[in-house]
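We just call them A, B, C, D and E in the order they show up, numbering each chain from 1.
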Amino acid sequence: MQTGRVIGSIVSTQKHDSLVGLKLMIVQYVDGNQEPLPSYEVAADTVSAGIGEYVLLTRGSSARHVFGDDEHTNSAVDCAIVGIIDSFDK
Amino acid sequence: MQTGRVIGSIVSTQKHDSLVGLKLMIVQYVDGNQEPLPSYEVAADTVSAGIGEYVLLTRGSSARHVFGDDEHTNSAVDCAIVGIIDSFDK
Amino acid sequence: MQTGRVIGSIVSTQKHDSLVGLKLMIVQYVDGNQEPLPSYEVAADTVSAGIGEYVLLTRGSSARHVFGDDEHTNSAVDCAIVGIIDSFDK
Amino acid sequence: MQTGRVIGSIVSTQKHDSLVGLKLMIVQYVDGNQEPLPSYEVAADTVSAGIGEYVLLTRGSSARHVFGDDEHTNSAVDCAIVGIIDSFDK
Amino acid sequence: MQTGRVIGSIVSTQKHDSLVGLKLMIVQYVDGNQEPLPSYEVAADTVSAGIGEYVLLTRGSSARHVFGDDEHTNSAVDCAIVGIIDSFDK
């Protein structure tokens, strides 16, 4: 999984059915030392993450399966926020 | 998911059956600040995106599953446009 | 999907069963302006692409599923040529 | 699979159900010569790896399937530690 | 698929069950001109590749499916050597 920081969200009215009702957050990747990286991702939120919080991201089929209930078997999600990070312990 | 801007389309007559009938758009990636990046993708459109519009891309099996009806169970798609972005809120 | 140009092929006698009988082409990636990139891929051909032709590549499980008939359910393919590009319209 | 070195762990109270009970380790990638690389991953541990140990990482659906028992069929994991490396023999 | 050259192997006693009995080779990527690249992978061998040989690598679910018999349905493998390259024809 990757780590990032929530910096905003996107609004999309015309979108795939499986994205309806999901919070689509803009996340800036951070490295292992919580330094911001020059790369971003739009991630579907599953843990009510807020702006500025450090979060755990999962990608690919794992993100799709996180939304893998009957309704979203063919979810268009390929990245999801799956945790709010309390601390990086090193 | 990633963000990009539609800059064109490709024409391919000789192609895999599962791509027949799909609009194959050329998308230039943009970062979290909507700045264009030097990387591109061909994405199958699902929301009638037009040239110049900012779009949401999904990739890998999530893109394949977006076309996952009976006819396209083995779709060759690995990237799809799944939303038109109205705004980036930061 | 990504775009590339066919520049050659590889010969491999000792290979996984699922690759037997497939044409394994060397493809150099090109960007959205058809400029060659310093990265390459070996792709299983599905559309009889020739040397020098611009092609559409799919990767990951989508490539595996393109060869997803009964015989190749566990195909070792993770990249396939799935279209010959007639034109890039921008 | 990739190689890395365990440098810490993250604590996340608010997380996806499928991550509950898993040890989430911060791993710094190392190259084939065990030199540290400037990239990191959070990986779910399956072999009780300790801080400072060199480990083998698997990613994507392979990591999800490593946690693929009945309870975790839709695991949010996309990276797992699947081996402690005794030696790199070259 | 990608191309690489076998430069060694790793030994891992404490590892996921699905990796037991597999030869885990260290492979250095090479480009389309067989020039070595500064990136490496650990790949499970399926064709008895030896040190110094040029090989064909598959990654992700395609690698997992190569080991997809009943015993290894949840294989931890995400990269496999699936061919020994006799020649690069360009």
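By definition in this document, contacts are C-beta pairs under 8 Å (C-beta built on N, C-alpha and C of every residue); 3 or more make two chains touch, one makes a residue touch a chain.
According to UniProt, the chain labels map to these proteins: A, B, C, D, E = Carbon dioxide concentrating mechanism protein CcmL.
Note that the structure is a prediction, hence the values are computed from the model and not measured.
*Asks:* Treat touching chains as neighbours: how many steps, at the fewest, connect chain A to chain D?
*Replies:* 1
*Asks:* Check the residue numbers that chain B and chain C use where they touch, and answer same if over half are used by both copies, otherwise different.
*Replies:* Comparing the two copies, chain B and chain C contact each other through largely different residue numbers, since under half are shared.
*Asks:* Could you give the separation in Å between the centres of chain A and chain B, each centre being the mean of its C-alpha atoms?
*Replies:* Once rounded, the distance between the two centres reads 19 Å.
*Asks:* In whole angstrom, how far does the Cα centroid of chain A sit from the Cα centroid of chain C?
*Replies:* Whole-Å distance between the two chain centres: 31.
*Asks:* Two-or-more-chain contact residues of chain B, please, as numbers and ranges.
*Replies:* Answer for chain B, listing residues that touch two or more other chains: 60-61, 63.
*Asks:* Could you spell out the chains in ring order, with the walk beginning at chain D and its first step landing on chain E?
*Replies:* D, E, C, B, A
*Asks:* Of all residues in chain A, which touch chain B in the complex?
*Replies:* Within the complex, chain A contacts chain B at residues 7-16, 18-19, 24, 26, 28, 38-44, 60-61, 63-64, 73-79.
*Asks:* Residues of chain B touching chain A in their complex?
*Replies:* 1-3, 31-32, 46-48, 56, 58-63, 65-66, 68, 80, 82-90
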